[in-house]
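Both of the next two complexes hold chain A, though its partner changes from chain B to chain C.
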Partner chain A sequence: MELFWLAISTIVIGVFGCVAWFWGSNMVLDAIYPPRGENAGDNIRRANQVRPWLFLGPALLFLGLYLVYPVIDSLWRSLHNADGSRFVGGSNYSWLLGDGKFRESMRNNMLWLLVVPALSTFFGLIAAQLTDRIKWGNIGKSLIFMPMAISFVGAGVIWKFIYEYRAPDETQIGLLNWIVTKLGGDPQIWLTLLPWNNFFLMIVLVWIQTGFAMVILSAALRGIPEETIEAAILDGASPMQVFMKIKVPQIMGTIAVVWTTITIVVLKVFDIVFVMTNGQWGTQVLANLMYDWMFRGSPDYGRGSAIAIVLMILVTPIMVWNIRNARKEVR
Partner chain B sequence: MADLKLTDIAKSYGDVQVLKNIDLDIKSGEFIVFVGPSGCGKSTLLRMIAGLERITGGELQIGGQVMNDIPPSQRGIAMVFQSYALYPHMTVRDNMAFALKIAGQSKDQIQQATDRAGKMLQLTPYLDRLPKALSGGQRQRVAIGRAIVRDPQVYLFDEPLSNLDAALRVATRIEIAQLKASMPDRTMIYVTHDQTEAMTLADRIVVLAGGGIAQVGAPLELYERPVNEFVAQFIGSPAMNLLPGKVKTVGQMTTVALDGGLEAQVAIPTRPGDEGMSVNLGVRPEDMRETDGTPVFEGKVDLTEALGEVTLLYFGTDEDVVPVTAKLPGIHPGLNGRTIRLTADPEALHLFHNGNSLLYRDGVDLPPYQPRTNRPSGSVGGEHGASAMPSEAGDAHDGRIDGGLIKPEGPVR
Partner chain C sequence: MEGMAGQKSSLTWAVNIAAFLLVLAWTIPTLGLFVSSFRDRDQIASTGWWQSFSGSEQTGFVRTGTDDDATQVDGMYVIEGNVLEGEQSLIAWGTGARQPAEFQPGETTQIEDGWDLTVNEDGSYRLSSAEPFEMRRGERIFTTTEVPPKFTTANYRRVLTAEGLGRAFMNTMTVTIPATVIPILIAAFAAYALAWMEFPGRAILTAAVVGLLVVPLQVSLIPLLRLHNDLGIGKGYLGIWLAHTGFGLPLAVYLLRNYMVGLPREVIESARVDGATEFQIFRRIILPLSFPALASFAIFQFLWVWNDLLVATVFLGNTREQLVMTGVLRELMGSKGGEWEILATSAFISIAVPLIVFFAMQKYLVRGLLAGSVKGG
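Showing the complex of A and B:
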């Protein structure tokens, strides 16, 4: 009960705090530069120069506190030793280059980067096109979208059960092994099976992200003018040609946005690997490696931060491109 | 050959019947215009011919071949859409070439066809541009070009000018007329709600109403010999006035006693026994002319609209009577609030009984339609013409030229 009241009061303070800030600060501003009297014109002009900062202020403050400061601190830590007591220059980074686990993580991240956005966008596009055409399409859409509502950790747990292994003489409780044994095969410890275990992990993210891609692409497909499709039909195009030559090119911008958005999610992938293999058996990824060095065993903040910085540098250009593309779409 | 034969064509969406009993023969090389009010099914009919809508009843033949179940691309037709429907991601050339590429034509053939269409439509400088870099008129020309390169037997136009501004609409209309003239053996079917387009472009107009064909005929035939009140009021602007009355005397000339006490002579024959039959007298606003003899209509002008070329007079807009509109040539200031008397030629009048023209009674075969050429203009002090009561026309005439009842109170052209 105490927790409940705590939560309620947090919400109330938050909401009313915001209202109080915007209302109060604007009142103060109007008191300093009253929009009346003989200097009304000048006062309004001055007040208008200040006012945007009143609205932007809180956002800038919190962005600085929770985004800019951590980045700078990470950079600082990445140049220092394990507990931050001694400046070590670029030695954390040179250590990264020689570290086998780091190279494995980089390789795996690149694999994820190639496979997951491509498959998610592809399946999403197919699902969007097909569900638009059939009567029970909306139910199909809901089912495909459902995994979006599951947290990555939850999805990891679900799929861990799908890949679950039991000895051949026991009852198979993992779906995949059950199918394999029913078909006469031997049960496999799927998550230790190099190099396929990486792909088994990727399927989880594809399963989640296909719904996202489908919803966005379905909206884009519906935005295509019906007449251009009819004109193509009159021009003799087959349904496949209409799809590939008329529809897809018209939603290329949206496809790019979907693709890059999923790419960013992929680069940050952590939970799925953490839950299912914790980076063992050759499935390590950058985010999980960073977590290992930061918080596990005897923490090394220097190396952990260096990995974080590498991750950030990888994400940034895609992020910039994505935002540019999304803006272009809006226009 | 590309003659079309529509036999008992019908369209329904579930239980809702949109079109029924559509019978129409279109000869090869004809320019046919479908007109009708919104929702009359004219676009649906065109889309059924195109193959974009399924035909739910009857038979469609193009060039003697039943087309009901033939896919659109194999019907020998091309369509121009109201929204242009250009492929936004393709250049003008690629837009026009798309159908040819799908058909697997060689690069040279495609190049030739697009070059020719580009030249024909003055699009050569724009061939490598994307549609978004073109003006509305240019986009519409690309849409037409896309039809031309396929060299179809039948061109279908679905309100192609509706998205253009007024000046461009006139220019493009003339271009379409020229296009048709350059391809005399190609059939064109054109859907519009714009009367001017219908009247100027069509060899024959098909007026659609209430899910069926109201009348088919040459533009002026529909104007002068409308089969019913709907066609009479739909063709011509402002719409034809309908004045209720009863037949008084019958014969080659019919006398109608109008409600309100006036009388009119109409050059439409009636038969003995028709006396007392309730009719609507149809008179077009532009056929009305001011008179000091016995008028067909007399009333107080409620409102005038001076368009320069003509002046529109509105009567009975604020009263509980049949509203009447008259269109007088030239400028007539100061008519507001004045009572004036109007008449029209007996030959220019129409008679309707229960909504249908008495001209077409009992399926009487009319002589082939010949446009009236010596129609007197309905002007104030216009050419000599019979008034409602011919006997009085003569005296009335001279008096009106000098000291007409409508005295100008300002400069008159």
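Showing the complex of A and C:
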């Protein structure tokens, strides 16, 4: 109950604080440059030069302190030793290059990067195309979209249950092993099965992200001009040809956006690996490796930061691409 | 023409079936968790959840009574009893381990010199002999029984009280609500400035927000942890609220700006001509008109904060009283990997709230996704 009041009072204080800032600072501004009297015109102009910064102030403070400053600080820390007391140049990075776990993480991240966006987009596209053509499409969409609302941890539990292993002479309670034994195979401990276990972890993320891809691609598919499709059908194109040669090329831009958005998610993937294997059995990824270095017995902030910077470098091309697209759109 | 129509309907069939299979594949994992959360430990351990609707078959044996239990009826020595217990029903029975299902209920067989054994459908058996019985242990009757499907809510009671998930639920709420409300306000003002105010640097700031959208959270962890410690915030709710506000802002500003830019220019211009201050325009015109975008972001942020594990682990601490639900789940997975009934139930409770929000507000979620992504292409 105490907790409840704490939360409520935070909301009230937070909301009230924000409103007080925006309202109060505007009042002060109007008092300094009153928009009336002999200098009204000048005052309004001056006030309008200041006002945007009042509106932007809190957001800029947060963005600067919680996103921009950390990038710079991480860069600085990555060039220093474990507790930041001594400058060590690039030695954290050269250590990374020689570290087996880091190389394993890089390899796995690249695998994730290849598999997850491709499969999610592929299934998303199929789901979009199928559900757009049937009566119960909206229900179907909802159900495929649903995993989006489930936490990575929750999804981890759900899929760990599917991958559950029992000895061959017992009844299999994991769905996958049950199917495998019904088909005459031997039950496997999927999550320790090199190198396929990485793939079993990726499926969890594909399961979550497909709905996202479907929603975006479905909207794009519906935005395709009808004439192009009708013309193709009149020319005798089969449904498959219409889809592959008319529809897909027209939504390439959207596919690229979906692909990059999922790529970002993949690069940062942490929870799924953390709760399902914790990076054992050759499944380590960068984000989890970094967590390891941050929270192990004696944290090494230098190495942890170096891994964080590697992640930052990996997302930078997408960042640049997004900014260019956004600017194109503004013009 | 007929051929084409036939082709078309078979295509419709194929599409329906393919869609159904896809939906099934995406639903089954969650369904499995849901069903399992209503089964007790023995059921989960002995059969798959997909078998729980049909009732499960069990095999075993019971021993008949011995000499002492025998009664004399019409000159015959008789031992009677019942092989079933609870809600079991008998499918087959037998007298040897090699053929445990040799006989149907109601059949009679002769075991050893002149002993007749009958087992009826209701489980009652009758072992009779003309001579007195001489046995130290009862005869074994092997049974194949069926237990009707059974579901229980006991897991939920146990998890919410004994396993501390109730507390974690409150913690998650406490983290989530302020972390959803506060960024909306801050972002709305900033988005308005970026969308409708003229000032130098506007384009660069807008681009910066787009860039910050993809900054990996991981980069912020170490610096912010140090910053919070230096500022004396340490680990706690204040820290996590601030962190989530910071991490959620780029998306909030981006979504809201994109939406506000699309609002009709005339309305805002005419309000300005009428002498409304920027603050009034924002409060009276922009804010009400932007409701759909505000709702979209609120859902995103709510789902994201509710489902987050990393930020909570780093900024809130890991004692039993501080854990949020994802944290509890993670602990359960580590320490009680075998107790599926606890794990399944806890997981389902933790995903229930996001699922409710998701199904209730799906419209806004989809709208937000489209505003956030399609424009980039």
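Quick notes on this one:
The rule is short, and it goes like this: the second predicted complex is superposed on the first by the 321 of 331 C-alpha atoms of A that agree within 3 Å, B and C clash if a C-alpha of one lies under 4 Å from a C-alpha of the other, contacts with A are read in each partner's own complex, and residues count from 1 in each chain.
Please note the rule applied: contacts are C-beta pairs under 8 Å (C-beta built on N, C-alpha and C of every residue); 3 or more make two chains touch, one makes a residue touch a chain.
Small disclaimer: the values here were computed from a predicted structure and weren't measured.
By the touch criterion defined above, A:40 lies against neither chain B nor chain C after alignment on the C-alpha atoms of chain A. Touch criterion met: A:131 reaches chain C, while chain B stays clear of it.
In the overlay built on the shared chain, the residue A:55 is in contact with chain C alone; chain B does not reach it. Shared-chain residue A:114: touches no atom of chain B or chain C.
Look at A:175: by the touch rule set out above, it reaches chain C but stays clear of chain B.
When both complexes are overlaid on chain A, the residue A:233 reaches chain B alone and has no touch with chain C.
Of the two partners chain B and chain C, more residues of chain A are touched by C. By the touch rule above, chain A contacts chain B in their complex via residues 225, 227-228, 230-237, 241, 245-246, 249-250, 252.
The part of chain C that touches chain A in the complex is made up of residues 11-12, 15-16, 18-20, 22-23, 26-30, 32-33, 36, 44-50, 170-171, 173-174, 177-178, 181-182, 185-187, 189-190, 192-194, 197-199, 202-203, 205-224, 226-227, 237-238, 241-243, 245-247, 249-250, 253, 277-279, 282, 303, 306-310, 314, 326, 329-330, 333, 340, 343-344, 347, 350-351, 354-355, 357-359, 362, 365-366, 369-370, 373-377. Interface residues of chain B facing chain A in the complex, by the touch rule stated above, are 50-52, 71-74, 77-79, 81, 83-90, 98-99, 102-103, 146, 150.
By the touch criterion given at the top, residues 3-4, 6-7, 10-11, 14-15, 18-19, 22-23, 26, 30, 35, 48-49, 51-53, 55-56, 58-60, 62-63, 65-71, 73-74, 77, 123, 126-127, 130-131, 133-134, 137, 140, 142-154, 156-162, 164, 171-175, 178, 207, 210-212, 215-216, 219-220, 239, 253-254, 256-258, 261, 264, 267-268, 270-271, 274-275, 286-287, 290-291, 294, 301, 304-305, 307-309, 311-312, 315, 318-319, 322-323, 325-327, 329-330 of chain A touch chain C in their complex.
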